[in-house]
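Following are the structures in question.
One chain, chain A, appears in both complexes that follow, with chain B as partner in the first and chain C in the second.
Let's look at the complex of A and B:
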C-alpha cells in the first residue's frame, strides 16, 4: 500500500518537473514582465508531493512496515522511535529522496523569493533546476528506489547499524544535504545568469542569501559529523583526514571562497566570471563527493552499501553537468578588467580566495591521488594526516594574519595600513604565547607562530566586537564573530594537539594504573539490559594527583542484537578546561580489558569556537532579512 | 567559440578525471587475496623461533605439498583450528608455522600446551614478512606445491569441512 503511494508521489514529482520545464520554456517567449501563476502553482504542487513522499517513507519507518525492502534492511521494530525516524535518511535510498526534496524545495523558494529579478533569468534557473531534479528522480526510480516492495513480508527487519544510532549522526545527514544540495540552486542560477545575460550586481543579490544558507548548513553538518566521530568512534579524535571527510571539505572550501567573492560582485560589480566558476564548482564538487562516497571507489567508515551501478549513474550525471557547464561558460565568457588597488578590501578578498583555492587543490589531490595510483599503476597507498599537516598548517598562519588586516580596508581604496594599535596587539599575542610556552611546556617554532597569529586574530576581533557593540552597528558583527570563532578554533585545536595525554594499557577488575599525574582505578563492572542492546558497564575512578580530585567514568561495551554488533561507548567527562576520555574493550579469553585513557585539554572549546563560526553565518542571514 | 590553450587544458583535465573515475569503478576495490591462488610464491627468508636456523622457499620444494600456517598464541581462533592442524600433520602433511607478532615464550608455551603440528616454526615478530605472503589477519593458511605455486588459501580458522577438503585434495 505505502509503496504504491510513494511511487505515485515520486512519479507526480517527475511529471511536474517535465511540465514546469515545458511551461517555462513557453513563457520565455512571452514578453510580459510577470511569471504566470500556473508555474507558481505547479512548483508548489511539486514541493508538496515531494515532501509527502518523504513523509510516507517516514511513516513506513515509524510503523516498521517491512513490506518495503528499504525499511526491512534498515530498521527493526525494537528500535527507539527517534532512530526509526532517522532511519529514513540513514541509508542510500532514503537519503536520495531527501536530496530530491531539497532540490525541489529550494527550486520553489528561489522562484518565490526572487520576484524582483529578471523574468528570463528566473525561468531559466527553474528549467535548469528541474533538469537536475529530473536526473535525480530517474536515478531514484531506476536504481535506488526507497519504495521497492518485498514479498513475502518479513516479520522483522535487519536493523540500523548501531554506530549510526546516535543523536548527532541522526541530524548530520540532513544538515549536510541542506548544505550540499542547497548549492544546486546557485549552480542553476549561475547557468541561467550566463544564458540570460543577467550579470553583475543583480545576480550577486539573487544568490547571496542562498550561498549563506548552504554555507551555514554545510559548516554545521561538518561540525556535527566531527562531534559524532569524537563521541562515537572511540579514538578520541575528531578529524581524521578520511577521504570522505575530505570529500565534504572540497565543496566547503569552494563555498567559503564564494561567500567572500560574491561580496565583491555585489559591492564592486567585479569578479563575475570567478563567482560563476565558484557557483558551478561548489555543486559539481558536492556531486563529486557523493559519487566518491556512494560508488564505493573510496573505502572508509562512510561507504554504506556501495554499488558500482550507482556509481556509473552518478558519474554519467556528473559528466553531463561538468561538460554542459564548461561549454556554457566558455561560450558566454566575456573578458573582465581587474584593476584593483592593492590597498582595498577586494584585493584581500581575492587573496582569501587564493588561500581557499590552494586548500581545495591540496585536499583534492590528497584525496584522489590514491585512486589515480590504484587505477593507473595498481599500487595501493593512502594519504594520511602528515601530508595535510605539512602542506596546510604553515599556510594557516598568513591566513590568520590576513583575517586581521583584510577587513580593515575599505572598498576601492584606503590609506591606513599599520597602526600602533595593531603593533600593541601583536606584542600582546606574543606575550600570551610566551605565557603558554613557559607554563605548559615548549613546542615547535611553527606552533609558536600559529599560537601568536591566532591569539592576534582573537584579540583584534574582541576589540572590534567591543566597538561594534558600543556603537550598535550591526553590519560588521557577523564577520567579526565568524573570524573570532576561526581564530579560537585554530588556537584550541593547537593547544589540544600539543597537550593531549594518552595511554593504552590492560587492566583487570580491581586493579589500578598510574599514569602521568593520574591514577586510574578499575572498580567493577555491571550488566545492563536496554531496549535494543545489552551493555557491560565499567566503573572507573580517575584521580588527579595534582589537585586531588576524583572523577567517575563509565565506559560501555554494547552488544546489539539487530544486526549483531559490538560497539564501544567512550566515557567522556567534559569540563571547561579539559575532557577526560576513557574507552574499554574486552580481550577475548582473558579477564583483562584494554583501556585507552586520554586527557584532552579545551575539547569543549573547539566545538564552541566552531559553532561560533556558524553563528556568524546565521547572524548575517538575519541581517540580510532585516535589510530586505 | 574560439579554441584557446586554456580551454583545451581544462577539457583535458576534466576528461582525465572522469576517465580515472570510470576506471576506478571497474576495479574490484576490496582487498582480496583470493587472487593469490595460482600465483608463484615470492622468495622469503625467515628465522626459526629459536633463532637457530632459517627457512627459505627452497625448503618447500622438497615436499609435494606444504601448508604454511600463520598463528599466534594470543589468537583465539588459532586454538580452535589447532586440532585440525595436528590431524593433518598426523596424516603426513607437512606444515610450516609462521608465528605472527608474538612473544617467543608465549608461542613455545602455546605449542607445549596444545601440541606441535609444525615441521618448522618460523617467527615474524613485526608481522611484515607475513604481509608479503598476502596475509591480513590470522589465522590464515596457504597451501603450496613443490613448484611454489599457491594452490589454496584459507582465510580464518580451518574447520571440519576445510579439513576434509584439504585431506582429500592432498592425499
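Let's look at the complex of A and C:
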C-alpha cells in the first residue's frame, strides 16, 4: 500500500514540474505584471506532495514496513523510534527524496517571497529550478527508488549501520542538505538573471537571504559532522582532511566568498559577473561533492551500497549543469566597469574572495589529484593533512589581520588607516601571546604569529561589540559576532593542537599506567545489555598528579546484532579547560585492551566558537526580516 | 602614452597573474612533498630500490594468527597472498581491525620486510575493502 502511495506522490511531483515549466513558459509571453494564481497553486501542490511522500517514507520506517526494500535494508524493528525516523534519510534513496523535498520547497518559497522582483526573472528561476527537480526525480524513479517493493515480505530488517545511530548524525544530513541543496535556488536565479537581463543590485537583493540561509545550515551541518567524528570515530580528532570532509568544504569556501561579495553587488552595484560565477559554482560544487561521496570513488560512511550507475547518472547531470551554465554565462556576458578604490570596503571583500578562492583551489587539487592520477596512470597516492596544513595555515594569518582592517573601511573610499588604538591592541595581543607562551611552553614562530593575529581579531571584535551594545545599534552585530567566532576558533584550535597530550598503550584489567602527569588505573570491566546492542564497559580512574583529582571514565565496546558490528565508544569528560578522552578496544584473542588516552585543552571552546560563527549568520537573517 | 586608468589596470592584472602563478606553484610544490604512495607487499619485494624512511602506505590482508600484542605495541603480518610484510605499530587500531580483514597502514619502511606504522586506517563498514586491496586480491586470485 505504502509503496503505491509513495510512487503516486512522486509521480505527481514530476507531472506538476512539467506543468509548471509549461505554464511558466506560456506566461512569459503575457505582458501582465503579475504571475497568475495557477502557478502559485501548482507550486504549492508540488511542495505538499513532495512533503507527503517524505512523510509516507517516515511512516514506513516507523511501522517497520519491510515490504519496502529500502526499509528492509536500513531498519530493524528493535531499533529505538528516533533512529527509525532518522533511518529514513540515513540511506541513499531516502536522502535523495529529502534532496528533492528541499529543491521543491525552496522553489516555492523563492516564488512567494520575491513578489516585488521582475516577473520574467521569477518565472525563469522557476523553470530552471523545476528542470533541476525533474532531473533528480527521474534519477530517483529510475535508479534509487525509496518505494521499491519487496516480495515476499521479510519478517525482519537488516538494521542501520550502528555508527549512524547517533543523535548528531541523525540531524547532520538534514542540516547539510538544507545548506547544499539550498544553493540550487540561486543557481537557478543566477541563470535566470542572465537570461532575463535582471542584473545588479536587484538581483543581489533577491538572492541574499537565500545565500545566508544556506550558508548558516551548511556551516552548522559541517560542525555537527565534525562533533560526531570527534566522539564517535574514537581518535579524538575532529578534522582529518579526509576527502569526504573536503567535499563538504569546497562549496563552503565558495558560498562564504559569495556571502561577502553579494554585499558589494547590493551596495555598490559591482562585481556582478563574479557573483554569478560564485552562485553557479556553489551548487556545482555541492553536486560534485555528492557525486564523489555517493559514487563510491571515495570510501566512507557516506557511501551506502555503491552502484556505478548512480555515479554515472550524477556525472551526466553534473556535466549538463556545468555545460549549460558556461554556455549561458558566455553568451549573456556583458562587460562591466570596475572602478575600485584601494581604500574601500569593496577592495577588502574582494581580497577575502581571493583567499577563499585560494583555499578552494588548494582543497580541490588535494582532493581530486589522487583520483585523476588513479584513473589516468593507475598509481595510487593519497594526500595527507601535512599538505593542507602547510598551504593553508600560513595564509590564515593575513586573513585574520584583514578581518580586523577590512570592516573598518567605508564603501567607495575612506581615509582612516592605522590608529593608535590598533597599535595598542596589537601590543595587547602580543602580551597575551607571551602569557600563553609562558604558561604552556614553547612553540614555533608561525604559531606565535597565528596566536597574535587571532587574539588581535578577538580583542578588536570585543571592543566593537561593546560599542555596538552600548549604542544599541544592531547594524554590524552579526558580522562582529561571526568574526569574533572565527578568531576564537583559530586560537582554540591552535592551543588545542599545540598542547594536546596523547598516548597509546595496551593494558590488562587491573593494571595501571603512568603518563605525563596522569596515572591511569584500569579497575575492571562490566557487561551490559541494551535494547539493540550489548556493551562491555571499562572502569577507568584517571588521576591527575598535579592537582590530585581523580576522574572516572567509562569507555564502551558495543556489539550490535543488526547488522553485526563492533563499535568503540569513547569516554569523554568535558570540562571548561580541557577534555579527557579515553577509548578502549580489544584485539582478538588477547587479554590486552588497547587504550588511547588524550587530554585535549579547550575542546569545548572550539565548538562554542564555531557555533558563534553560525550565530552571526542567524542574527543577520533576523536583521533582514526586520528590515523588510 | 597610456592613460593612468589603463596603466593602473595593467599593473593590477600583472599583480593578479603573478600572485596566481606563485600560489599555484606553492600549492603544487607542497603537494609534491606530501604525497603518500600506496604499495602492496609484492610491489615492495619486487622494487629494485626500496626507499626507507619516506612516509608511505601499504595494504593487504592481516594474516591469520599473526597478531602479537605486547604492552606497548602490536605486531602483525600483512599479506597479499604472494608476499608478506611485518608491520609494527604502537597506537590504537580502528574498530574493524581483525585477522583476515583488509588493512591499510601508514608509516615508513625499515627494510623490504619490515614496516613501522604510525597509523592504521579505519574504514566503517564490515564488508568494506579498500579498492587498492580489492584489486590486489583480484590479481592474486587470477594468478
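As a convention for this text, the second predicted complex is superposed on the first by the 626 of 628 C-alpha atoms of A that agree within 3 Å, B and C clash if a C-alpha of one lies under 4 Å from a C-alpha of the other, contacts with A are read in each partner's own complex, and residues count from 1 in each chain.
Heads up, the rule we're going with is that contacts are C-beta pairs under 8 Å (C-beta built on N, C-alpha and C of every residue); 3 or more make two chains touch, one makes a residue touch a chain.
Please read all numbers here as calculations on a predicted model, not as lab measurements.
Q: On chain A, do chain B and chain C fit together or clash when superposed?
A: The answer is clash.
Q: With both structures placed on chain A, which of the two partners, chain B or chain C, ends up touching more residues of chain A?
A: Between chain B and chain C, the winner on chain A residue contacts is C.
Q: Just checking: does A:390 make contact with chain B only, chain C only, both, or neither of them? Give me first, second, both or neither.
A: After superposition on chain A, A:390 lies in contact with chain C alone.
Q: Kindly classify A:366 by the partners it touches after superposition: chain B alone (first), chain C alone (second), both, or neither?
A: After superposing on A, A:366 lies in contact with chain C but is clear of chain B.
Q: Who does A:74 touch here: chain B (first), chain C (second), both, or neither?
A: Neither: A:74 stays clear of chain B and chain C.
Q: With the two structures laid over each other on chain A, which partner does A:311 touch: chain B (first), chain C (second), both, or neither?
A: Once the two structures are laid over each other on A, A:311 reaches chain B alone.
Q: Just checking: does A:500 make contact with chain B only, chain C only, both, or neither of them? Give me first, second, both or neither.
A: Touch status of A:500: no partner.
Q: Looking at A:218 after the superposition, I want to know if it touches chain B, chain C, both of them or none. Which is it: first, second, both, neither?
A: A:218: touches no partner chain.
Q: Identify which of the listed stretches of chain B (24-32, 60-68 or 114-122) has C-alpha atoms clashing with chain C after the superposition.
A: In the superposed model, chain B runs into chain C at 24-32.
Q: Across the two complexes, what residues of chain A are contacted by chain B and by chain C?
A: Touching chain B in the first complex and chain C in the second, residues 299, 380, 588-589 of chain A appear in both lists.
Q: Could you pull out which chain C residues touch chain A in their complex?
A: Result: residues 19, 23-24, 26-28, 30-31, 33-38, 55, 57, 67, 69-74, 90-99, 106, 122-126, 128, 130-132 of chain C touch chain A.
Q: Which of the residues in chain A come into contact with chain C in the complex?
A: Listed in rising order, the residues of chain A that touch chain C are 161, 163, 233-235, 299-301, 303, 354, 358, 361-362, 365-366, 369, 379-384, 386-387, 390-391, 504-507, 563-568, 583, 585, 587-590, 592, 594-596.
Q: Name, in rising order, each residue of chain A that touches chain B in their complex.
A: Per the stated touch rule, the residues are 291, 295-297, 299, 308, 311-312, 315, 318-319, 322-323, 326-327, 330-331, 368, 371-372, 374-376, 380, 588-589.
Q: For chain B, which residues are in contact with chain A within the complex?
A: Touch residues, chain B against chain A: 1, 7, 10-11, 14, 17-18, 20-27, 29-31, 76.
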